[in-house]
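Structures are listed in the sections that come next.
Two complexes come next, and they have one chain in common, subunit A, joined by subunit B in the first and subunit C in the second.
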Partner chain A sequence: MGTVTLPTKASIWWTIYRTALAERLAYRGDFALGTLMRFLPIITQIFLWWAIFDAAGGGAVGSTRLAGYSFHDMVAYYLLSMLGRAFSSMPGLASTVSKQIREGEINRYLIQPIDMIGFLLLGRVAHKTAYYAIAIGPFALVFFLCGNYFPAWPEVDVWVGMFLALVFAFLLGFFLDLCIGLIGFWFLEVSSLLFVYMLLNFFLSGHMFPLDLLPPFWRQAVGYLPFQYLAYFPAAIYLGKIPADQLWYHLGIEACWLVAVIAAARVLYARGLKRYSGFGG
Partner chain B sequence: MSSRQSTRPDYFRVFLTFARNSLVRDMMFRTNFLIEAITSLSWAIMNVGFYWIVFEHTPSIGQDTGWGKYEFFVFLGTTWIINALVQAFFMPNCEEFSEMIRTGALDFALLKPIDTQFLVSFRKVHWSSLSNLLLGIGLLVLSLQELAHRPVQPWRLSASVCLLYPLYILCGVAILYSLMTCLAATSVWLGRNQTLYDFWFYITNFSRYPMEIYRRGWGIPLWFVFTFIIPVLLVVNVPARILAQPVSGKSGSEWPLAAFTVLAAAGSVLASRWVFRRALAAYRSASS
Partner chain C sequence: MAIIEIENLTKTYRVYQKREGLVAAIRGLWHREYRDVYAVRGINLTVEQGEFVAFLGPNGAGKTTTLKLLSGVIYPTSGTARVMGFVPWERHNEYRRRFALVMGQKNQLWWDLPAQESYRLHQQIYRIPPEDFQRRLDELSELLRVRELLGRPVRELSLGERMKMELIAALLHAPDVLFLDEPTIGLDVVAQHNIQEFLKFYQRERRITILLTSHYMQDVEALCKRVVVINDGVIQFDGSLDEIVDSFSGYRVVRLHLAEGQSAEGLARLAEVESIELPRVTLRCPRGEVARVLARVLEDYRIVDLSVEDPPLEETIARLYENARGENRQSLAAATEA
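For the complex of A and B:
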């Protein structure tokens, strides 16, 4: 397919993006309600941590700190980690990929001049764009209502760092999930593997609690894994838990992880195709 | 159908048949059985891990509430036990109920010479969910052992607790069952109700923590609603408190609350029956 020129390619990709976007926007009502509901567990988290800080500080909720977090930091952390998850979570990606491999649907990527990974990535970008266009309402509402839990407005470089961290979180989340899905070339049934991966991800990404609460040894161990960039890292940047001089260092490490996971996905895909045989049409 | 007497089915034997059929079916997919057990075990470990970390930082959840580490693990074990019972006996049936309403398959249930709510509620048993029941009991035993060996006020098993704990577990299951049946029955009016199942998850989410944590600030209205109107806060709290802190009579409100729980359970079942009947009356088959 070497004859396809760059403008043609760009227009193909643009069409894929637009189609996926239109498809997603069809369910906007469900989206908005679903997003708002997803904040409900935050209410129980607020009361749970309120009680924990109360007991830990002997009644002095305002001045108590756990692992450097005040009660307000804690609530802000949960809200911000949801923002991180809004970028990094890829509902249905791995299961769709493994299903397409199992049922031979990937044949179409093999005969059409379209790269599967690129196609899926654009589909996700469109999915996320549509999601943010709708979800910004509920997010803005909840963040506004919880405004007094947040620390003072941070500096510009914190915003830049957080924005980059969120974009990286999206890419890292996409390629990690994709790798799990591509394991479907080797195993027909990946749903149980997927479930265990999701659980680990929930715990190790910091979605369940701020990773700083972990005992020192475990905190360090989790720091060597890529999962913390999916939820903990963007929230930690905003809350000033990452010292300014280390921000770019951490973003650099995240970029290295990203390159490694993209390479892994490419290798898995290429190796998997060698094993794969497509039948019928 | 010759005599009136033979038309009244033996409900218990029908239930046993349902349970056996489900077990036979589940046993056909043994690997699946094993996988579900493993996944629920990993979920359990993660849950305990989270609260373990929390209790590294605090002596208890809430000041003077009595929910220290092992008391809370009793609470957690109770949550698993109740959820396992609901998931094993009612969750698959309620899911199927709303599906039957949507597809019109409810016609066949209505034709059977047996109470429709019974038939719809007990048809399937999801045996593998009971692995959570074992995990819950395991956690209970371990934490009660810890509580029994503490130097101050060691925990002792009493006859009344042996009697009351299972009773209140059943009350909790009854409350959750009723709520779920009501939500599923709304399919008659709303058609598809995927969001309602999310709703179920978010409402029961409130029941998973000690009720004392809501009794402050703007939590009071929540506490009131989820105790007296949709009584999900009673589900785990009452049995867990009876088991974990049988002697601490700090607040005198415990026995009235326990009495109210029995009423709430009975009331919920009656309410679910009423909603179910209304749903059947409004049901029109899906075909032609």
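For the complex of A and C:
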């Protein structure tokens, strides 16, 4: 059999994507409700930051700054980091992969002429598509309502940088989560490992607060880890916290992380399969 | 032409040896003790193109492990296997396009989607030309009588219907080799029969090679001329069903229907009596003795009807398993003493 042409491949990918999307939409009601509920914490979070600024500034919320962030910056940061998370978070990925390993469900990827990792990635793109289709409404509403918290409309290269950072965040989040799931080849139960990972992720990605609030030593240490690209980095680009001349440098580092994590996932997968015993049945 | 060649195939699993007690459990955190469990030990087997072979064996005998090795899902510990010239665990796409594996306990179809959608995905993945795809889908859904179910989400189908859908999924790319792991498990008699009929017909028409594992003797009786009995990871027997019966059941079952008023007294002296429910009596009779016993019975008793049968296959197979287990234990004991 000759090499596969790109149109053939694209057609396979498209069908996998479409099928996965159709499956996602089988429970659209539940899915939509779950998605919308995730917007509720925004309100409490904004009040929390207001209280923090109020306490820190002795009542002068408007003029108080924390590590260079005004109250408005902080709300904008929070909303933008949510946007980053919308790309980089992978609910259920690691636990599904380890479950499929444990229960021998991955057999189907092994006997069919497909690549499991590629298949899962396409499935996740479909997952995200369904999510954005539902979340775009509430996202637009929230950003509209909080419009005056945001700084002036940024330059084109900031938009480009942010777009790239979001796409990379998606891929980085996917492969990091996949690695945790693939550890299931060694430890059949990864839920506590996953819990530790999510906890680290929550703090170190900047989801909880901007990383600039950390003491210098810790800020620097976190800078050597890949987590900041999952939430902090895209938001920081938009808010102008990343100097223009360093934007491409940081994107380059992120790309290196991405390559490293993809390689790690491939190695884990290949090694894991050697150990795999096709459980069940 | 040999389509499947297996030589000295061995698969061991390393199993973590748990010790009882808290101290041992804590020590286990640092020093893990492992034990090797043999699933398959040194199997040799050749299957010709177009054969329909049954793997029989008790639970944990190594049947499924062998199928998993042949479909490339797991790596062997040692030994070789070739299917159509391919080493299965190298998972060449060319190989994967030419075989299929159906596991009775696993789904390949997307649970929440109609089977049709999964088939369309298969068409792409296996690169089946559209006209072939449509023709095969029509044929298969006609044969299995599931045409009207193609558009229904798989989760809403009964177990039997689902298995039919799984079979279609496995056959759409017209594989040359088909591995079936307990395809009729959990099915009622009718569904089981339908699937048997279908497999028989399909195999006869296409002359594909099929390896089947099953616990149901009916499957094996209905489908396979050749039977390979695996026990404790070793091939215990390889031949036809008739040969199994000949060599492992030393007796025949004689069923008598006595005439009215005829007592069964004295029959126990002729042969072992299995049951008496007048007017019916069942005897067990060593193979060489059947003619002699029948002659005496016909002479001394008034008989309405009689039949001579082989004992139930299940019983023969169970005896075969037990024999084998005994032998293994002996050889193991000999090995440890040596």
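Keep in mind that, in the parts below, the second predicted complex is superposed on the first by the 262 of 281 C-alpha atoms of A that agree within 3 Å, B and C clash if a C-alpha of one lies under 4 Å from a C-alpha of the other, contacts with A are read in each partner's own complex, and residues count from 1 in each chain.
Definition applied: a contact is a pair of C-beta atoms (placed from the backbone, for glycine too) under 8 Å apart; a residue touches a chain by one contact, two chains touch by 3 or more.
If you're wondering where the values come from, they're calculated on a predicted model, not measured in any experiment.
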{"item": "Touched partner set for A:F209, first subunit B, second subunit C, both or neither", "value": "first"}
{"item": "Touched partner set for A:G272, first subunit B, second subunit C, both or neither", "value": "neither"}
{"item": "Touched partner set for A:Q112, first subunit B, second subunit C, both or neither", "value": "second"}
{"item": "Contacts of A:A51 with subunit B and subunit C, given as first, second, both or neither", "value": "first"}
{"item": "Touched partner set for A:T19, first subunit B, second subunit C, both or neither", "value": "second"}
{"item": "Which of subunit B and subunit C A:S11 touches, first, second, both or neither", "value": "second"}
{"item": "First (subunit B), second (subunit C), both or neither touched by A:F195", "value": "first"}
{"item": "Interface residues, subunit C side, partner subunit A - complex", "value": "13, 64, 68, 71-75, 91, 93-94, 96-97, 99-101, 103-106, 108, 110, 112-113, 117-118, 120-127, 153, 181-182"}
{"item": "Residues of subunit A that touch subunit C when the two form their complex", "value": "1, 8, 11-12, 15-16, 19, 22-23, 26-27, 104-105, 107-108, 110-114, 273-274, 276-278, 280-281"}
{"item": "For the subunit A and subunit B complex, residues of the former touching the latter", "value": "30, 33-34, 37, 40-41, 43-44, 47-48, 50-56, 58-59, 66-67, 192, 195-196, 199, 202-203, 208-209, 213-215"}
{"item": "Complex interface listing, subunit B residues touching subunit A", "value": "35, 38-39, 42-43, 46, 49-50, 53-54, 56-63, 65, 195, 198-199, 202, 205-206, 208-210, 212-214, 216-217, 219, 222"}
